[in-house]
Amino acid sequence: MFRTFSTIILGSPLWLLPLSAWAQMAAADLNPPEPQIPAHVAGKLSPQDRELFGKLMRVELESVWAAVNAEGYPNCFINELTALKPHERMVGRARTIRYLPNRKDLRAKLYAASPQLNYKSSEEAQPGDVLVFEAGGETRSAVTGNVTATRLMVRGGVGMVADGAFRDVPMLEAMPLQIYMRRGQAAGVSPIQMSVDYQVPVRIGGVTVIPGDILFGERHGILVIPAEIVEKVVEQALATVEREEFQRHLLLQGESLYDIYPKLSEANRKRYEEYKKRKQ
Amino acid sequence: MFRTFSTIILGSPLWLLPLSAWAQMAAADLNPPEPQIPAHVAGKLSPQDRELFGKLMRVELESVWAAVNAEGYPNCFINELTALKPHERMVGRARTIRYLPNRKDLRAKLYAASPQLNYKSSEEAQPGDVLVFEAGGETRSAVTGNVTATRLMVRGGVGMVADGAFRDVPMLEAMPLQIYMRRGQAAGVSPIQMSVDYQVPVRIGGVTVIPGDILFGERHGILVIPAEIVEKVVEQALATVEREEFQRHLLLQGESLYDIYPKLSEANRKRYEEYKKRKQ
Amino acid sequence: MFRTFSTIILGSPLWLLPLSAWAQMAAADLNPPEPQIPAHVAGKLSPQDRELFGKLMRVELESVWAAVNAEGYPNCFINELTALKPHERMVGRARTIRYLPNRKDLRAKLYAASPQLNYKSSEEAQPGDVLVFEAGGETRSAVTGNVTATRLMVRGGVGMVADGAFRDVPMLEAMPLQIYMRRGQAAGVSPIQMSVDYQVPVRIGGVTVIPGDILFGERHGILVIPAEIVEKVVEQALATVEREEFQRHLLLQGESLYDIYPKLSEANRKRYEEYKKRKQ
Amino acid sequence: MFRTFSTIILGSPLWLLPLSAWAQMAAADLNPPEPQIPAHVAGKLSPQDRELFGKLMRVELESVWAAVNAEGYPNCFINELTALKPHERMVGRARTIRYLPNRKDLRAKLYAASPQLNYKSSEEAQPGDVLVFEAGGETRSAVTGNVTATRLMVRGGVGMVADGAFRDVPMLEAMPLQIYMRRGQAAGVSPIQMSVDYQVPVRIGGVTVIPGDILFGERHGILVIPAEIVEKVVEQALATVEREEFQRHLLLQGESLYDIYPKLSEANRKRYEEYKKRKQ
Amino acid sequence: MFRTFSTIILGSPLWLLPLSAWAQMAAADLNPPEPQIPAHVAGKLSPQDRELFGKLMRVELESVWAAVNAEGYPNCFINELTALKPHERMVGRARTIRYLPNRKDLRAKLYAASPQLNYKSSEEAQPGDVLVFEAGGETRSAVTGNVTATRLMVRGGVGMVADGAFRDVPMLEAMPLQIYMRRGQAAGVSPIQMSVDYQVPVRIGGVTVIPGDILFGERHGILVIPAEIVEKVVEQALATVEREEFQRHLLLQGESLYDIYPKLSEANRKRYEEYKKRKQ
Amino acid sequence: MFRTFSTIILGSPLWLLPLSAWAQMAAADLNPPEPQIPAHVAGKLSPQDRELFGKLMRVELESVWAAVNAEGYPNCFINELTALKPHERMVGRARTIRYLPNRKDLRAKLYAASPQLNYKSSEEAQPGDVLVFEAGGETRSAVTGNVTATRLMVRGGVGMVADGAFRDVPMLEAMPLQIYMRRGQAAGVSPIQMSVDYQVPVRIGGVTVIPGDILFGERHGILVIPAEIVEKVVEQALATVEREEFQRHLLLQGESLYDIYPKLSEANRKRYEEYKKRKQ
């Protein structure tokens, strides 16, 4: 399988493959190691999730996007946030919290009835969960910070996403969690914001996220996959991997794009059938 | 009472008072007519609302703002939207609707259970209501248009506010409703957005609006008044009106600001006591 | 026919119809006067254009939008620009010019070969034309000003649209041309920009405009209608007018929205058939 | 003299001249009345200022811009603010105030030493002055409101400009002052901002304004004229008026732009000489 | 002491601690090495500054933020700029410069009287200084570049902050200085900007910075600490460190957040007392 | 030669030179290795290009900027895009493509006549080429992705620039191409955009790029060099290198900036002449 290499050799800065290495790998059908589910998560996942998350670690985001789009979800990619760890892939399940601008009366009522929802959500997080905070783009105040994140990590959580800001950013960077946000901030939740809703549909960077959605994050954004179609779209994406490997193989041999992409020419389709047989 | 004149003589374009007119009015204690509750609303309001709304027609927005702020609500003014009718004051009660980016699965479930919420909210609107649409700033699609507005008008509604866009803008302008929005748009709700929540707290231009809040709009924005404190803050604002009238009276006679504002000097406080007696 | 009234009584500021007037008109089937093709244009138009433009003066923008959208053009409404005359409807044909940031070498070559394209486009404008300037949102420099506009007016032009700025704004306001822009500016084209292409497809506020497109502008934006479908969509929009008139008629009598919109109930469809017969 | 008509007939909404009226005026060399210095200002101005301001009321902004630009000041037009009264021309002299985000220690020190600078600046304003507030684009808090404005008006002030927000907007609209701002706001200066500097150079909408600069405002922005060159540039602008009148005269007769603008052809230059003689 | 690890092992890319390492360290009370004052600075600092800066190297930014906020400075964190070296902590003292849009007359006067202020400020910089440039967000022109930075470095300077742009960005990155800016730029100061004020209060990313303020920068922004309270807030932050270490210790053992944060439960407070004794 | 070190030791994260190292290098006239033309490009370049590109690898961007600016091109630096590989210098030749918002009729016509232009441009790319995509800032849809990039790489291409978004970002990062963009995106070209023009002048981040321009990119942006002046400006930049080396040499010895920069004092000019002799 032929995939993104910079994500594999974790901790390595920009590793620029020389062209010869690409050609060599294409010739040798090298299978570089894949991104992995973080160790503190993998051990806690249910067998089903471990298999599902594992498959998502083996495909490219754009292949899954194509399948999700084809299912009737064209607006499923969040690209307005920054990934704190650009070389980490994130695969997890959305647990959502909604924030609003602070207001004394509503805040008093809500906080009398329940803990602040950043605390509650990390306390209740299940293995593989991603906390997702709707904050309306507010960055003058953080939605949460390192304590919540530590509890989330201990419970097997995968990451945190905010349409807003987090605090304690260097500590968040040191933890084995992926983080997406608009900016960092030192100021806490109060007195700018308050948490109001838990496990409701939320708006993140122009995309709706529903509790239970599967989130697939790369450095350029987060793909939101409705839970009901995730099995189907992962299978389709896995099927795409082999064809794209063949297409790159041809391109790296110097053949013309026109016969290869977006569709294989008739002649190349035959070569592809042979290629697949040879690999079996 | 000494107030904003441009809002009184409805339909008049920018009417610029010459200084002599100001001085003359100050001298004569002229009471120009006040902004009025629109006729199609006034007849339908409950007696309590007619009195409350009527008081709000007699005070300046900033006086009420000061009282709301003093009650512990510093973030209560929405100034990111445009008033379609800059010379119309709006006083009404919030009825809220929350929109999210469209998503096939959630939309199907919601629309099977209930009419679209723009229709529902206008159908259920009470006299004096303002429909308030959270749309996350989205202006590539309108939240609603003239049909909803017509039904709202017939039911005694006062206006519509969107953190987004309305369509049929020239028709909305022709109706006796005040409108606040980011931009206009020709495109309908679908396929960009969907309505998801009704009568929940919403985010409008960085301010939280709760169903039942009293909204007080001028050309520069909307003051959000929690229902529980509205009686109190209106009384305080009415008390402010008389003092400000006296302060302007002194200023128009050419006296120095320093003895008048923000606090009356000792000498001027005595004159004010006499002024109030004389007026009785 | 029942339409936007504020656009009819030109020069009138915000004319707020009392509800009784709406009901009265609905009852009486009043036909208020329609927006008119400006006199300096009407006399110069070809008979075909006079008929086409005249029809567009009799329908609502959203009705035409629906027909254009249904033809496969969902992204056809420009809502990022400001109309200088919010109560003027604009109907005209696009004549396009493309600007780029200034560059000495290209400018020298282009301006040696042809007059600046703002001059050329107004000189060559045909009756009913709208000059459309792609300027990439640049507002530190105007694309053109009153002299070009005067020549355009004399030739029977209808308006000017810029994804950028115009200068001489008070003079433009005084002329019988509609103007759409991001902002005004005093600075001329040079040394910030230059005109590079004439009568090519351009990008205006996120929408593609092609030379010959029909532009239909209201205060909230400009609908872009491909020339090939304009006859068809106008006919569809005219058919919509009558049904919407009936729908408003019912709403103004206080009937429930649910039986009227977006679709007439079975019972109301029958009443509509009778209504249409009665009107003939 | 042939000039902007919408600014003349004050209070008139969008008055759209029919082409025939333009041609008629051009033929008759009609001199429509000019914009006037407001009455409460004119009576207080020094004779020199009355003459200077009067001349600026007789020229187009772009003509003065050209002269200021030619003197070496290319960045002299502020177009990021909104004029509260789009049909009012503003001519006045800058009196500047600089605001910064609030900070307890500095605020305590400054306010112990001097009144807040919005009060001080209006108290010290001279006839013809414009208060100019640098606020860094901050609109969550107003820089000042109607009391300051009333004192400014009484002292013969002309207007107020803020790279930020004013409060009491409907009252400001009712006064004979021109106002430029980003948005309106109900919240006062504190606790968001504080005034820190008086009569220093400031940044307004990307342009530097120096105390004593002459400000020339139209609906699309404010031209900043260094005091030392104002006499010179006004004379140049007055000279431009006559030539542009002749150019429009030719254009309205239907002649080609190419022989008229930007430069008169040789033949037209001769006609211009005769035209000037005939007018004497 | 338990702190951010990514900042310690300088030059290391994203080093993601496995959960086991966190737990191990918590158990062993490991004290990883702290961020250090750069060598070219440390040797030149006064003993007092070396002690103060050294303490700030031992605490988390958010702990200091809490203490500064509690002293009455809620708006003290700049989060709109980008740190060129995200894994470098910056501790230094503000030396401020204010820029305005270029203007020929003022520039001539200022530059005749003094060197450009970017040169002057680096020439006069004291060990531990940070140059802070107010540029109003302007990024079409840099405020300064590598030569100024080299002189600053030689004099023991710590970094440079601009609400605007720097040039020579790769060279700045290679120097042992921290840099905060909006963007980089190749163009020099002139002809877009000019330096006008030195050692005055400035606006940076919505926060006021006063000469002599202590700046504490991390990858997510800069905390501005008034000089008069810095000793006090640092002591408070140091006291926070021990309690947070204990709180993380409990969390890493899997205990519930609710008994730990934001306040320790009664039972945990007792354990904390024992923990502190054990550590002594 | 004394230059940026972080760009040399590729793959190294932030390498912070201690001051002593700087001084040592200045004393020893160390010549650190320079950035290199990527291997897959160098072998394919014409001898002339290899020499030209090689020279550009030996100078600082700002030195070339100064020479381009002096030739009359002040607006030649693009700083609104993000470099995917901040430590990679890009030198190449522009091959341009223009995109517009999608439109069914035009798309059908264009795509019937020619392949999509992202395919065509990579298929026709020459060694040393950079694909440059005008997309008007649109980031809801990518202009192209990894397949195009692979073909470009095989043909000896150097990089891709979009005033918009690319997809397959981790794969692009793994390839030996430099990438500039606004954001990443998973969604493909259709149905948001379409390619319309090939090898025409385009607008990128406020700068005009013409086919054949030489692009010189660093982490902070891209310098656009007109092909006709590239030889001249490179020679000027090479001449600057030696003088700046001497200036840094003096600064690192602790001498005052005032005698060194921007101009050498008379005494230092004499030392410079000796320095140059000594080096020969």
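Going in written order, the chains are labelled A, B, C, D, E and F, and every chain counts its residues from 1.
Basically, a contact is a pair of C-beta atoms (placed from the backbone, for glycine too) under 8 Å apart; a residue touches a chain by one contact, two chains touch by 3 or more.
Note that the structure is predicted; figures quoted are calculated from it, not measured.
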Going chain by chain, each one touching the next, work out the least steps from subunit C to subunit F.
1
Neighbouring chains common to subunit B and subunit C, by label:
D
Interface composition of copies subunit E and subunit F: same or different, split at half
different
Mean-CA-position distance for subunit E and subunit D (Å)
43
Note: subunit D sits from subunit C at a C-alpha centroid distance in Å of 31
Expected list for subunit C, residues touching two or more other chains, is 12-13
Each pair of chains that touches, named by its two labels
A-B, A-E, A-F, B-C, B-D, C-D, C-F, D-E, E-F
Tell me, which parts of subunit A touch subunit B in their complex?
72-73, 75, 100-106, 136, 138, 196-197, 200-203, 206-208, 210, 226, 228
Help me check something: in the complex, which residues belonging to subunit D touch subunit C?
3-7, 12-20, 22, 60-62, 65-66, 69, 74, 77, 79-80, 87, 218-221, 223, 247-248, 251-252, 254, 256-258, 260-262
Per the contact definition, I'd like the list of subunit C residues that touch subunit D in the complex.
10-13, 38-40, 85, 87-88, 115, 119, 122-123, 139, 145-148, 150-151, 153-154, 165, 167-171, 173-176, 183-188
